[in-house]
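One chain, chain A, links the two complexes that follow: it is found with chain B in the first and with chain C in the second.
On to the complex of A and B.
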């Protein structure tokens, strides 16, 4: 019963959601409002659960001397941002926005820019034109990279045009097919949850 | 001095605005040599600041409008309907049982509802998006120029061929096999193009960082020299060599 009743609850909630396509009137409006309030509160309590989880993890790290000083630094930065946000607001020109612009943005941009080095080094080791498919991947990536920089246009005037064509036509077709696959997969997963075939979100 | 003015003086002055971004950039760049404490300090500051930033945004855009304000209104004028907020809040609190090993099942009731409702909500949206993608494909072949027309032909047949690659109800032989092979080529072009775009995006971020260092030359030189000296001292005198376990010694 620890799993059956929750699955039944989910099924009823899902079916009631579909009711709006078939039933009109006060009952339908009220149940829609009732469930949408539930989803909003889920967001609110979800944030609280997240805060508790972070606090708990860092507490155990500090208590068990597992990277204690990094955990203290992490928690103090969280508390500093929360304090600044609550004290001075979040509009531009406040200490909170200054922390965002001068600490968060540089760190984020640098961490992501570091990936350029690792992607390039991984590509150098793994990109080898051993088959037609891998040669196609290699050529497509080189043309797209060249088309995005002035050097590509200087080498041959048609490279930016070919790069744009690759992005618009075959790349768009591949992306579309993968999007179709993703949607079909997610619908299947949702139907499995709906009918209780997928139970990994429920505890024993 | 007023406390707010003190905070403004600390976080909005020129020293903070010019030195901190440069120091942050150089600290993270030090990872290119090896993993080191300066990088880890930077990493943890980044995690802390991003979490604090997200929490404040969540407070402003989720907790305040969806919970604090309705509860405040409840005290001004109570409606019978407001009880639903309290019921949902109490039900949602059962999510905390997930932290307990023995009582984790209590949260199942709420998660069951949440996932079922989300599934019900999401299925029509996904179907709608598939139909939207499909209708976008159905355009006249003649798009004006030869160049534009070839694009549409490749998009339509490329999408079809790539979908055929995922069709496993029949063996990939004959026409289906050849179509599936074209589908693989189409997907390889997509992966190559996605890779190229990602690399160029990362490189442009790196150029942006390099321009920041150029804009503040004094700060950049001081921070870079400081970080290099720290790395030399750390790896020369403090970093212990990692013990390499010889597997054969256990035999």
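On to the complex of A and C.
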């Protein structure tokens, strides 16, 4: 029964939710509310599972002297933010908000912005016309890159036009093919879950 | 010649980093405003602007904020320009945070915007609302939108008057640096809402097919999209409104040129080396 009940629940919920997508007015408003509230509760429980998982992971790291100091720092920061949030809330102007805006935001933005430097270095060393295919890619990428900056149009009026064509035609066609493949895979997976053939989500 | 070729082949990456750093930082320094270039708006960005222009006072716009500080440089200027536009049009704005890391960033940004003298009349719960975060998927929000998720504004919040589900919303703008908004695009076919998207430049090409099918009414692509939107708002409502995106475009332009230069140089070195080796 441990397996059958989740499979049955998945089948019923899947069919109902899928049906709602195609048949307008399949549910009354209060029935929709039942699903939406259920989803919210499931989401909140998911967050609790996440908190438990982080606490457990770090507990073992501290206990086993494996990256102990990083784990202590991580847990301390989490507890500090929880403390600040509980003490004075998370709204604007509170210590929690100040920590977030002045520590977390610059850290995360900095890590992401480092990409610009790596891309420049990697482009110099690797982006070379070693074959016809790579030459086509090189020319296309340079045109698209120039078409995205205001100076591109100033250099040659046709650069933005060609850049837009590359994005709208070849690039978009390739992307569309990937989307079709992805959705066919999703539909297959959905049917397998409906009929209990796919059980990886049940830890099997 | 051979010596130069060898040096160029083994150029220290710190030199590349330094030149990229200079190309980014110099245009942002005070006194370098002359490097700001006009950014002509594309039809994709203009489509978002035009949809908002069609709205009447009191209509409802839903902003789905799904980015965190890592995408701040590209998407925050777009949010600010869009929010400014909405306030100028006096439409009601609902802001939902699909990214838990974006909440404080969003709230601070809204606070900054509403602190401006021109928007001093804006009241939370009346003209705009921060709907906070709750871990739910897009389809749930579509069915149930009669309260902010803290429950604060259910009864007394004037902004909720006549807004219960997605059908009561006139325009939705998603801001994200991931594939998060794919669900919105999929469900657009079923519910036929008007949906525009502002994404990081790297995500832009992924969404072009949906623009062509009409599932997206507009697409603001990266920092350039934000700069275009700033220009559209500026042209329509106020002259010389240069937000951070317009300033950032000069930095972006020069960093692109530096990368372009390095790619060309890398290829010249490659072909010279190939010729030398026969």
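Worth a mention:
Everything below uses one rule, namely that the second predicted complex is superposed on the first by the 143 of 204 C-alpha atoms of A that agree within 3 Å, B and C clash if a C-alpha of one lies under 4 Å from a C-alpha of the other, contacts with A are read in each partner's own complex, and residues count from 1 in each chain.
One rule holds for everything that comes next: a residue touches a chain if its C-beta (ideal position, glycine included) is under 8 Å from a C-beta of that chain, and two chains touch if they have at least 3 such contacts.
In this text, all values refer to a predicted model and were calculated from it rather than measured experimentally.
With both structures placed on the common chain, the touch criterion links A:23 to neither chain B nor chain C.
When the two complexes are overlaid on their common chain A, residue A:125 makes contact with chain C while staying clear of chain B. Of the two partners chain B and chain C, it is B that touches the larger number of chain A residues.
Once the two complexes are laid over each other on the shared chain, residue contacts for A:197 go to neither chain B nor chain C. Of the two partner chains, neither chain B nor chain C is touched by A:55. Looking at the shared chain after the overlay, A:92 reaches chain C, while chain B stays out of its contact range.
Applying the stated contact rule after C-alpha superposition, one finds that A:100 touches each of chain B and chain C.
By the touch criterion stated above, A:153 is placed in contact with chain C alone, chain B being left untouched.
Overlap of the chain B and chain C interfaces on chain A comprises residues 17, 33, 35, 37, 39-40, 43-44, 46-47, 90, 96, 100, 104-109, 111-113, 116-117, 119-120, 123, 138, 142, 145, 148-149, 167-168, 171-172, 175-176, 179.
Listed in rising order, the residues of chain A touching chain B in the complex are 2-3, 5-18, 33-35, 37-47, 49, 51-54, 56, 70-71, 73-82, 84-88, 90, 93, 95-96, 98-100, 102-117, 119-120, 123, 132-134, 136-145, 148-149, 165-181, 183-184, 186-187, 190-191, 193-194, 201-204.
Taken together, the chain A residues at the contact with chain C in this complex read 17, 21-22, 32-33, 35-37, 39-40, 43-44, 46-47, 90-92, 96-97, 100-101, 104-109, 111-113, 116-117, 119-121, 123-125, 127-130, 138, 142, 145-146, 148-151, 153-154, 164, 167-168, 171-172, 175-176, 179. Those residues of chain C that touch chain A in the shared complex are 11, 13, 16-17, 19-21, 24, 37-40, 42, 68-73, 101, 103-105, 107-108, 111, 134-137, 139-140, 143-144, 187, 190, 201, 204-206, 208-209, 212, 222, 224, 249, 252-253, 255-260, 262-263, 265-267, 270.
Interface residues of chain B, counted against chain A in their complex, comprise 4, 7-8, 10-12, 16-17, 20-22, 24-25, 28-29, 31-32, 40-53, 55-60, 62-63, 66-67, 81, 84-85, 88-89, 91-93, 95-96, 98-99, 104-105, 107-124, 126-127, 129-130, 133, 137, 147, 150-151, 154-159, 161-163, 165-166, 183-200, 202-203, 205-206, 208-209, 212.
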